[in-house]
Every structure is written in C-alpha cells, then in structure tokens.
C-alpha cells in the first residue's frame, strides 16, 4: 500500500508512532498528484511549496514532543471557494482569477491549528453553481472512475481528488447537494452538516441561507475526524449555532440495532433510475439486516423543493454576487468610457453563462412587483418542506434515501439544458432547504460507477448519521475499492 | 406572467450585465422555462404560512463595541485593479 | 405665495457615536488617511459576514425612545441592492419592513406655537464610503473608512409646513439627539445629514403635490436656503402652468440653486429582501427598559422643570437647557450656591461671553461649576465686589484656578473688616481735614472724594458700602 492511499486515521497512527513523517506522506501525495492530476484535473491551484513548509512545521512539532492531533501532518485540499490568506482563491471564476485574500476562512484556520497540510485548492462549478464542474471558468474535472464522465458538482474537484487519492481528505461546500452529489458520483463519503454547524466565515457566499461546508473523505471514520475539527460555534458568523459538538468519532463502531430508519416513497419515484433505485433498496435491506427498524413515511412536499430552491437560491446569489464589480478586487474590464460600462463589461466578461443565468433569475425574483409571487412564496413553501421533515422525524431517527437519481453522467450530456441539470439535485435539495444534516456514502456500483446512499438526520444530530453510516460501511464488501488508474497515462488521458 | 425580452433588458440593467441580442433571446427562453417550471408552487396554498428566511430560530446575535486591528493599507489595496495615493481608483462617476 | 401650502418631510441620517463599526471591529474615527480603517468585512471581500454591534442597536432604540416611538419587538435587517463604487457589497444592510422604532413624534415650537411633528420610523443601517472626484472629472477615488459606520435614519411624516419650521424641527431634533449622546451631530463632518421631500399645493387641497427629493444640504443654513429655493421654484412653475417633475435634486451651495441629479433618476428598484447573514432581533421589554434607563431628561421636560423648580424666567430656562452640558453645569452650581437667578445670569452672561470669545465649550473649559459657585459665594459675602468679580472670573476662566487662589494672588480680597477700615478712614480724615469739614457742613460731594481716597489707599479692595457707612458715622 502506498502512503497516499492511507486514510486519515491510518496515516495519523503512523505519524504519531513516528513510523512515517508528515513530509514523507506529503511527498507521496505530491507524487500522486503529479501522476494522476493530468487525468483528474481536480485542482485549480496546487500549493506544493506551502505544503512542504507546513509538513516540515508539523514534523518539527512532533519532534519537539508536542501532542499529535488526528489531523497533524495530514495533506488535504480546500474547495476554491474558501479563502486562504496569500493563496489564490478563484471560486473557479474568471472574475476572481487573480484574487489573493488577505484573510483565512474560519475552517482553514481551524484545520491549520490542527496541523493539517494544505496541498491545493480544488476546481468547482463557478461560484458553486452547477452539478458537474462543467461550469468552472477554467476546465472540467474528470470522474476518476470514468474520465468521460463528470465528477458531479459543485464540489467536483474536492470529490475527485479525494477519490483519486490525491489528498487524504478535502472540504467541499453544499448549497443544494454540492457535497453529497459529487461524493455519490465519485464513491467517497461526503457530509453536509446541519446549517449553522460549521462557520461560513471565509466561504465565498453563493446562497447564504443554504451554504454549508463539510468534509469529503475516503471513509466514515475520517469524516468524523474532520467534522471534529471544523464544527463548532464561530462568533464571526451570526448564523453559526452555539450547540455543543460531540466527539463524532465516538459514534463509529456503535451498534445500530433499533434505530428507526424512515423511508419516504417520494425519494424512490421522482425521476430515479431503476438500477439506482434497486441498489438503494438493497442498501435499505442491508440496514434492516443490521437491526434497523424500517418506517414507511411520506414527505409530501418533496417535489416542490426544487422549484422553491431555484427561486431562493438565485435571489440570494444575485445579491451575493453583486460585489464583483471590478472596483476593489478581481477582474476589471479596462477599456471602458464610464463607470457603468466598467460594471457591465466586467461582469459580462467575468461571469460564465450559468452564473449570469442565476443572477438574472434572482434579480427578476426580487424585482419590484415579483417579490411576493416568487421569492416570498418560495420561502413559504420552504416552511412546508421543513415541516414535512419535522413530522417525519417524530417517527424515525434517520431518513435513508438515494443521494442522486442517477450515476455520474457523461461530460457534455446536460450542459445545454439547465433545467435537466437542476433535476440532479432533486433528492438533496429538500434537505438543504430544511437546514438538515446528511451524508452520502457509497452503497454499490452500477457498471463500475459508484452509487451513493443518503442518510439524513435530525438537526444537529450528525452523530446518529455517522453511527448508521459507519455500521453500513463496515458491512459492505467493496469498502476498499479504488478507481483503476492503470489505463491512464501519466500527464493526461 | 410570461417573461418578455423587455423584462430581460430591464433585469440585465438592474444586475449590471451586458447582454447581446442573442443572449437576450436565450435568456428570455431559458428564464421562461424555469419560471414556467416553478409555477407548480402556485398549486400550494401558502396564504397563512409564514416564510422561512432562516432555518433555525436563532436571534439576538451581537458583538460588543470593541475595536480590533484593521488591515494594513497595503492589504486593503493588494487586489485593487487600480489605485492612487491610498485610494481605490475608479472610472468617472457621472453625477 | 400665500395661496400655496408647503409640505415638507425630512430624512435624517445620523452617524452613531460607537467606537467600532456596525458590523465589524474597525474604528469609526473621522478624518484619517484613506482606507486605514478597513477590514475584510467592511471592504466586502468575498466570504465575509457581518455581526451586529450591540451598542449600535442600543443607540437606535434610545433614539426611538427619545422621539416617543414604539419599539418593535421583532426587528430585522434587509439588503438594499444597488451599485455604486462607495458601496462595497453592492448592497446596503438596512431595514425595510421591521425598523427598530416606528410611530413617534417630536414637539417643537413654531412661530411661538406648539407643533407636533410625526416621526414615521427610525431604522439602523450601515454608512457608505466616500468618493472624491478628480478635478478634471475623468476619474474618482474611493475611501472606505466610513463604510460600515452605524447610521440611524429618521424619517418624519410630511408634517412640516414652512422652511423655517423645517429648520426649527432640525434644530430641536439635533438638541434632543445631543442630549441622548447617540451622535455628535456634526453637519460639517457629515455625522448629521438631512435630505428633504418637498411639495407644494393650493391651500385646502387634500392630495399631496408632486414631490422632489432634495439632497446635499450640509448645514442648517443650507437646509433652509435649499428648501426656500426649491419651494419658490415649484411655485413659480405652477404659476406658469407647468408641472413638477418627480426627481432627485442636489442643493448647489456655490450657485445657490437646486440641480437635477440625473444619475439617481434610474428606477429605484432596490430588491429588498431579508439579510440572510444576520439573525432577527427580539427587542423585548427588559431590553427596552434597560436602555430607557440611559435616556436622559429631554430638553422640553428639563425646561419646564427648571422654571418650576428654580423659579427662573422662561427665557433663562430655554437658554440653560439648550444643551445638556449647560443644564448640568447650571444645576451643579445651584447645588452649591442656591441662588438660581444669580447662577443663571453668570452662565448666560460672563461664562457664555468668555466661552464664545475663546471658542470653547462645556467639555473643554477649565472653570468647574464648583469654582463658579465659590466665587458667587464670595461675591455674596462681600469678600469681593461685583466689579472685582468680573476680573476674578476672567482669570479663573483662563487659568482654571479657584476664586480664592486668584483673589489671594492678586491681593484682591475686599476689606470688609470694620476695625481695619476704621483705621484707614481715620488716617484719610486726618490727611484731608478740608473735605471732612465740607461734608460736616452738609456738602455731600465731599464724601465722594473721601471714599475715593480710601479706595486709593486700599487699591480698590475696600468694601465700598462699608466705607460709606463708616465715613458717614465718623463725620456726623
């Protein structure tokens, strides 16, 4: 086994037993990136020199006999919408192609305090708007399981580099499914924590009432370890909730007998591929076999979540993205006669098609005379969607569902039809609209492509989700399956 | 409430986006499709439903009135496309 | 002109006197080098989030209470979206449908008549930065120091009926706001800014005329002059049978006229929606009561109390309560020297005169209330004369010394010791037997000469009343 293939908890053990150094681990990871990045194209920026410095710092700390935390010396990646001081942060947008933040996102600070080693910033759909990374302003990331397919999105880069063993873990952000769906497509574990669990400070805002940062890891135990590091109240984020954070790793390896699993019929009908459906049903049976109690229930407003989301999300985005005007940072269209022209040209050249589409849609939904019919109505529907979950969770402890209706689709397959692309998130969006936590974990393969199982929990009850996910993972025969890279040549397909 | 090309022009102006004739047509069509799709929300009676602007009922989050260090002027201006004497420089603002 | 009724409503922006900005920890200091009080939050960098300064909310509530408003139990922030280079996020965090306070009023005196001017709302928002235009006008420079300084916006009902009344209202408002201490209210530094909505209509008409919005009036005088100009402009248009266009105008101090601001003419479609990055405020009764405790007695109430409690004339009470500092100074003096009218005379007379001449205010004068009270006591006891008192006071004002110190240093203490005076007077009579004889012969004039001689010997420090008495006694 190569060092880069280690899981976080395995690497931690070797580092703290001084069998390997952080630098050795990093060099293995950087070599791996060198080998497969040409195919995967998951990084916008690889921070090799910075990482070497950080790995050496970690080794010095260890040599001094300082405590070795679970993430000390562990190489990881940040999605490129999280600010990193003095390191390029682009949101995969041309409008931020040269943006160097003078400050760190709170999550990055927390990971660095733990001694984790940043190796790069990952590709994404521009401003997190998309489900395939095809909307990146730079290039499309490839799915390590099949380079002709998308890795999902918007955290496609983070999911792909985690799946391709280019880092030991990555952070992504999830607004309507942007961690869970790529995790499903790339066969990794991806968790969206409860809204307010993780500080959004330094996460470049997309739709503020929905955005949440979470980990993409190679197993559930790693997910718990990263959650331990990033969760918890931050006074810099007014919407971060001061709810106590348990030790998530304590949930791993626990029995799940008697835990009630809700199965909502709506999640097995709306446009779902029948093979995916079969596989998820098999997983449900597996969980029953592990002693979980199955509760049939209904979330009647599920089909309204997607349309409501496509009003709330663009509305907030249109406002959040208004600051990219070429005045203080980022790209400015220089050759213009007046301020108004600078604004218009900067934004029209700097933003990609999907971003412009959402800005237009959101501006319309908020504009005079349409607010009540669109934005307000959507936020009211959100109340109904949330109430569905509140009622469901009176009868069960977790809800188990597919993460996405299909496996990874082919690059280019859906770019021309925005609405078809949006439908990818039909099972993840209701959860986002309700602020609830959920994980996607691999539950099998269809023709070599991973399928994700979504486990949704009560607000702030990520622990139970991880308990179920951990037990499920343990029971699966394929848990150490890796994408086969043998057929890809170094440096490109 | 079908969206028209005129609506598209108006929103583009509000959003400070320059749209070509071709884009105007695409946007009219695509936004029309999406707005048509979201019409399904009208099936629900939302009259007595209060909106969810925040998913959890957190309120009264404050900080105390204390000063902390600001950025250095160099950091403030490090990403500025154009600057002069410590100011951000911008094209003419027509009054 | 008399056939027209003038209708004015004001929108006042007030910078709150907090130490740090409303949503970040940068200082609010005015007048420093550009872009030195700026952080990622107030610069609107990608990824930043606002956190509300509690003091700013307290001040907004206090403003609402001072203006007799209802404080909204539920209040929230909204985004007001528009593009301008001084607005880093391209939206201003403001309040739309649930302001901190609503439905208030301010009582003013207008032409000697009491008037009640309605206050529509008081809401919190963030200030924008400052634009400096290059001389040739081909580019502009932006300073974000002011960005995020907390503001309250006070919106009146269209209740003001003349330009003088508008100015009077503004002066009363400023007085009250200074009393509460929420702002330093300096129009010249922009911490108090006033916009106006102006319309005119024929008297008896119930519908409001088309209004114009008037901006950039940077002093009380400018407010009145700007409003006068605009009112006359509107009336003369109507007289000529022309219509008023609804527009935003700028008062141009140089040319003394209002100028249309074409850039503001675009449709005001601000796309307000609830700010998702800030949570709602619940301003419950306990919080309101806590803040109410910090609400001082306001000018009108204080004025009434001064008249009743101290028995001073209305005129005195009005002047003494013109600022909270003067009123406090007065009361402290009276506490030590309980002759209100005498204290009032000295405050309005000598103290005011010296303060004006030196350009000082109650915050930076050296003479403490205790010092003035002590001096008045010496005056009353006859230790110094009225004339000496003015001289002593001038010295006290300049040096900050006590009356006792000044009197001792200058040897100014009045001689009121009967024994001492008799001795001196005996000497004078001996030295000037002629005038003494004249007085005895009923020549009143001679007394004046003798008093003068006593004063000369004592270098003016003899108690003149006693000198007179003793001389008369001796020359009977």
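Per-chain numbering from 1; labels A, B and C assigned in written order.
Convention: contacts are C-beta pairs under 8 Å (C-beta built on N, C-alpha and C of every residue); 3 or more make two chains touch, one makes a residue touch a chain.
Given the structure is predicted, the values throughout are model-derived calculations rather than measurements.
Asks: Whose C-alpha centre lies nearest the centre of all protein C-alpha atoms?
Replies: Closest chain centre to the overall C-alpha centroid: B.
Asks: If I rank A-C and A-B by number of C-beta contact pairs, which comes first?
Replies: A-B
Asks: On a C-alpha centroid basis, what's the spacing between subunit B and subunit C, in Å?
Replies: Result: the chain centres lie 41 Å from each other.
Asks: Could you give the separation in Å between the centres of subunit A and subunit C, each centre being the mean of its C-alpha atoms?
Replies: Here subunit A and subunit C have centroids separated by 57 Å.
Asks: Can you work out the whole-Å distance between the CA centroids of subunit A and subunit B?
Replies: 23
Asks: Got the subunit A residues that touch at least 2 other chains?
Replies: Only 99, 102, 209, 235, 238-239, 318, 322, 325, 327-329, 339, 343, 363, 367 qualify.
Asks: Subunit C: which residues touch two or more other chains?
Replies: 40, 43, 51-52, 83, 85, 140, 142, 269, 271, 276, 278-279
Asks: Please list all residues of subunit B that touch 2 or more other chains.
Replies: Answer for subunit B, listing residues that touch two or more other chains: 14, 16, 53-54, 58, 61, 63, 71, 76, 88, 90-94.
Asks: Touching residues of subunit A toward subunit B in the complex: what are they?
Replies: On the subunit A side, the touching residues are 98-100, 102, 195-196, 209, 235, 238-239, 241, 301, 303-304, 307-308, 310-311, 318, 322, 325-332, 334, 336-345, 347-348, 351, 356-357, 359-361, 363-364, 367, 370, 373-374, 376-384, 386, 418-419, 433-435, 459.
Asks: Using the touch rule from the top, collect the residues of subunit C that touch subunit A in their complex.
Replies: Checking each residue of subunit C against subunit A gives 40, 43-52, 79, 81, 83, 85, 88-91, 140, 142, 267, 269, 271-273, 276-279.
Asks: Where on subunit C does subunit B make contact in their complex?
Replies: The touching residues are 18-20, 25-27, 33-40, 43, 51-57, 76, 83-85, 131-133, 137-144, 250, 261-263, 266, 269, 271, 274, 276, 278-282.
Asks: Mind pulling up the subunit A residues that touch subunit C in the complex?
Replies: Touching subunit C: residues 81-83, 89, 91, 96, 99, 101-103, 105, 200-205, 207-209, 235-239, 315-316, 318-319, 322-323, 325, 327-329, 339, 343, 363, 366-368, 371, 375 of subunit A.
Asks: Given the complex with subunit A, which residues does subunit B contribute to the contact?
Replies: 1, 3, 7-8, 10-12, 14-19, 27, 30-31, 33-35, 37-44, 46, 49-56, 58, 61, 63, 71, 75-76, 78-82, 88, 90-94
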